[in-house]
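Same chain, two partners: subunit A is paired with subunit B first, then with subunit C.
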Partner chain A sequence: MKKYFFKRLFYTIVTLLIVSVILFVLTHCTGADPAKLVLGIQATPEAVEDLREKMGLNDSLIVQYFRWLGDILHGDLGTSYMKNKTVTELLGESFMPTFNIAIYAEIISMCIGIPLGVLAAKYKGKSASVAISSVALLGMSIPGFLLALFMMMAFCVKLQWFPVAGYTPAMEGFLEHIRSMTLPAIALGFPQAALITRTTNNAMLEVMNTEYIKTAKAKGASEGAILFKHALRNALIPIITVCLQSFAVFFGGAVIIEQIFNIPGIGTLVFSSISSRDYYVIQGAVLVIALIYVVANILMDILYGIVDPRIRITGKSK
Partner chain B sequence: MENLLKVKELKTSFQTLRGEVTAVDGVSFEVKKGEILGIVGESGCGKSVTSQSIMRLYNEKELVKYEGEVLLEGNNLLKLSEKEMRSVRGNDIAMIFQDALSSLNPVFTIGNQIVEAIRLHEKISKKEAKKRAVELLRLTGIPIPEKRVDAYPHELSGGMRQRAMIALALSCQPKLLIADEPTTALDVTIQAQIMDLIVELNQKMGMGIMLITHDLGVVAHTCQRVIVMYLGQIVEEGMVDEIFKNPSHPYTKGLIKSVPTTNTDVSRKLYTIKGVVPLLSEAGEGCRFCNRCEMATEKCRTSKPHLYSMKNEGHRVRCFLYEKGGDCHEAK
Partner chain C sequence: MKRRELTKKFIAVALTAAMALGFTACGGNSSTGNQKDTSGTSGTTKEEVHIAYNAEPESFDPVKGTAVATRSITRNVFEGLLELDGEYEVQCQLCSSYEVSEDGKIWTFKLREGVPFHNGDTMTADDVVASLNYWADFNSTSEYFADGTRFEKIDDKTVSVTFSEPKFLFKYFLAGQTGFAAIMPEECIPADGETSISEYIGTGPYKWVEYKPTQYVELELFEDYVGPDFECNGGDAGNRICTIPKVYYDFVTDATTRLSGTTTGQYDIATNISYDNIAQVEADKTLQIYQDWQFSVFIFMNQKLGVFQDENLRKAVRLAVDVDELTASGFPDKNYCKITGSFDSDIFPTWYVKDAEAYVNQKNTEEAKKLVEASSYDGSELKLITTDAYPELKAMTMVLQQQLKEIGINCKVESYDWATTVSMLWNFDPEGNSNYDIYIMSYPYVSSPVSSAILTNQYSIAYADLSNIAEPLEKMQSTADENEMLGYWKEVQTTLYEKEMLIKLLDEACATISTDKVQNLDNFGGPVLWGVTVTE
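On to the complex of A and B.
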């Protein structure tokens, strides 16, 4: 277990290092000069040059990269050029809205996707199954932002059930908090629910053809027990994979949805920092998203072992 | 002896993309209490379909259609509702499958699966059921059953897994045990152990056993009576001694001749039945074996033979050679 943990930690660090290099090179390749952006178009070349020197932009890229990396190791992700705040502060403010919405979206997509996938497998070839897979196909084909706009029109403008935009923190009333997150969570969660439905359906169909399902039936187990106990438990591996991947996708996908619903989350932070070439903020935010992916992968490994004893991490001695 | 199971004119047909296929076509036989009945035949002859039809394991809503009667102590199983049938499965009739590795659920412990089987049919606590599970594992000869009860299927060896599978099948002391090729997936030495175990349990618990196999040696050692199937029909039926001494149907003769023995002359080629089993959909007008039969006549190709009774009681053969209640010695 210990060995596994260190191996995993090592891979995590390597992954993040690679991400940081790519990220650094990409942001610095965008070409715009942050010093000019900070000072505005009217700034004199001397003033710009002065600021560039101060910001360390005149050093070679390699020097800049290692300086950034060294700062990160000291817990300092840098300071925003545009907003007078450190990147850590900005990330701290915007992490919770995105995280809460991602959890909400995850709950929505799993609660829709898994039962529908099981039902579609149960009614294989029947109209119910065809209906479910058609809706799933539709769900996967509609882009989240389009769905968001339609829902906004229907539920906010016409029916006025939800606020059009904005985010209410939990501290200012839990119900309002949930209400403000509902539409963004659906917009993010629905396409993933469709994906989970299809994955669950495929995994279940495969499992339903196995011999142990026949054994379960021969024991006298009811159809419900066969589906939800014997089959679903065995179909969980691909379902876990797609669910955790979708959680990471919610972070990446937040960029667009948060813009539409005006949520002050990581997505909005990425968007605004890209438009203002706020290098440190972009890098910090994307690193956080990369970290979410890595953590999701580690969680996947742990859950695989819990669900399927055959892939339990070695070292368990009994 | 009293009949435990009586199958009358069982017909099992499947809906396939190429139309309806009748995999079991008018099969009638009985299993007596405490008897081991062997069912032999090549792959695809319908022996597994027969056994799974008895337990009604196929999807009845769209896939399969049963006709005829399956009487378990006089009660027609084909007429039962799905709910009533569930209380028969695992309780009155239990089944052992070929490959225990794929037949045991990989994500639950052996004990867990046996406990589930017991608690499906009896209202007892989990703790008591687990005690029973340990006893069942002990009964099937698994060493240190207190420990094995918490093992997952993949943690056991092939022989142990099959023993666990048998323990699972015995969990509610079924009246009839259907063993569908229980030793095919095992090493030869383990095969013998498992067969000995099945015979021992049969004597101890007095349940009827239907042993499905393609291994004639196993049949000779364990069964009292045997049914030979070919392409969904019974072609010969009788006491084991009779069938081995006096095989009458050309197919049975072929099967017995093609078993290699230690005193077979090695310079001679092993006997084989010519040709391959035709597809069910290609079965013609006449006898289903006529294309491969060395003795086939014109009559065999145009009309269907019935099961004819032979001189010895209970010996029946589906072949025109014995149409007039013939004596098998004449045919030679």
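On to the complex of A and C.
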């Protein structure tokens, strides 16, 4: 266990280092000057040059990178050029809205995707299965932003069931919190639900053809027990994979949905920072998202071991 | 902003004459405080008003922040010694009067007495001097102060500044719109000058409560506000009587969300509605729509590198441009653009030059073709740059590409996000910039043409030779005679167009909307909150 832990820690550090280099190079090669953006199009060359110097942008990329890396090792992700706050503060403020959307979207996608996938497998070849597969295909085909705009028109503007925009923290009223999160979570979770449906369906169909399921049937086990006790449990590995990957996707991919519903999450922060080339914020936010991906992968490994005792955390299977 | 009557030029003349003669009385010290309750309106006054604002500014420092959004939000908190009224005329705000010496070098300001800051202190001459010197150091007016000129305290009620050259137009800089000369307590000004202010304490009708990045700015009514003794007429000058207890500027970058949120009443006011949605808004009886004239739109051609160094080719472009066609693509509703050849349109009565109309929208393709054929242009593909950030500019650029093709100029349109566009167009290389040949760009209004970056910065005018207009621009500052000054301004414009330094196309209004519960809303570079009432 200790060996496994240090091995994963090593891989995590290496992964984040690689991400940090790629991220740093990409953000600094976008061809825009933050100093000009801060000062506006009426700025004089002298003022821009002065600000670049103060921002440290005139140093070589290597110097800037190691300065940033050194600051990170001291727990300092930098300070936003534009928002006059530390990146840690900004990420702290925007983490919860995105985390909430991701959790709710995950719940929605799992609650829809897994039962529908199981049902599609149960009714294989019948009209119910075809209908579920068609809905799943449709769900995967509809872009989240289109669904978001449609829902906004229908449920916010016409029916006025939900607020058009904004985020209410749970502490300020749970009902309002749920109202503000419902449509963004559906818009984000629905396409992913379709993916989980298809994954569950495929995994279930594979398991349903195995010998032990036939044996269970021959022994007279109930349909429910066959589906949920034997088949679903053995089909869980790909389902866990897609669910945890979805969670990471929700974190990194909520940019457009957060923009549409004006949710002050990490997506909105990244979007506004890219627009203003606020390097430290972009780098800090993407690094956090990368960390979430890494943690999601570690969780995946641990869950594999729990659902399938044959898999050990050493990565070897008996 | 509703379109203003433009027949008050005599006011400007009278003011300038009075200024040259001596003290300019701008009003006494009597004032009216803010009040939470309103009378004469039906329904209960809303406790909180939400403004869906389209842009989150890079800075809220009123001196260093150059965005229209910075000005629009912080003017609720800060005031200047001088401000522009609804007719774009300069009026006293925190001073009761000002004086300019006969030679135009010494400006002296008598401060209003008993003006409270939000922290409870009373404004002093020391605060004013410190604030104005901070502005002098970090605003684009640095050319005025490059020789070390400083504001000085004469006595507890008087401050002055002495220039080495006549500066008769200085009042327009002091009443400037973006990067404005906000007055704040001396202790709020960063000692090192390098950082921006961190405490937003001013004399305006609203107190700063909180800024939540990517979310909102919260303001609270300052009940002890003391304004000058004249009413506002839609601009920033005058007694800013406000009644709304709390105001939130919610940053909502998606135009559909701003519109939908106002339709449902989640927002009371929304800025920069898409021009495509104007018909929809006008059909909705629960919404009101306003024009907010903010930008002048120009065509710039690279005069340092490439084919547009040839003056005749630039002339060909000016002759060929059909601005009606351009606006038809960029502005589905014509009420939001105003085709004008004058550098400043007739919205600015003082600066409008009627003769300049002869240079715009000529649609003379035959003459333009001849000029292209006679030029050294070899038919190679030119770079026509635009940005995705401003759909109306992009739409006009696509039409311009076709119009240029008709006269034999072959252009490729390249569109970038705003950050990249800024870096591409203003790369500050004195040897020239090969990133573009031609582009359409809008610039926010400034209080006077002499403070326009276009006329003072070669990078903002695509490397046009500014020495052509340097002399008349300098003379504009050196005369107390209004007619003489305007004569020089006309000379500047004639040179701009005869030398084909730029092409002025139109002025652009942004569309602001509000619910029908909002009354007396004016727009002046963003929604103006003084005098506004909002009922439940």
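Definition applied: the second predicted complex is superposed on the first by the 313 of 318 C-alpha atoms of A that agree within 3 Å, B and C clash if a C-alpha of one lies under 4 Å from a C-alpha of the other, contacts with A are read in each partner's own complex, and residues count from 1 in each chain.
Just so it is clear, a residue touches a chain if its C-beta (ideal position, glycine included) is under 8 Å from a C-beta of that chain, and two chains touch if they have at least 3 such contacts.
No experiment lies behind these values; they were computed from the predicted model shown.
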item	value
Which of subunit B and subunit C A:H177 touches, first, second, both or neither	neither
Touching partner for A:P309 - first (subunit B), second (subunit C), both, neither	first
Subunit B versus subunit C as contact partner of A:K122, first or second or both or neither	neither
Which superposed partner A:K54 touches (first subunit B, second subunit C, both, neither)	second
Subunit B versus subunit C as contact partner of A:K83, first or second or both or neither	second
Subunit C versus subunit B, contacts on subunit A by residue	C
Subunit A to subunit B touching residues, read off their complex	125, 210-212, 214-222, 230, 233-234, 307-310
Of subunit B, residues touching subunit A in the complex	52, 55, 57, 62, 86-91, 94-95, 97, 99, 102-108, 116-117, 120-121, 152, 154, 168
Contacting residues of subunit C [partner subunit A, same complex]	52, 56, 58-59, 66-67, 140, 142, 178, 194, 196, 198, 212-215, 250-254, 256-257, 260-261, 263-264, 266, 417-420, 422-426, 428, 441, 443, 453, 457, 459-460
Subunit A residues within the subunit C interface of the complex	30-33, 36-45, 47-49, 54, 80-85, 90, 93-94, 149, 152-153, 156-157, 160, 163-167, 259-262, 264, 268-269, 271-272, 274-277
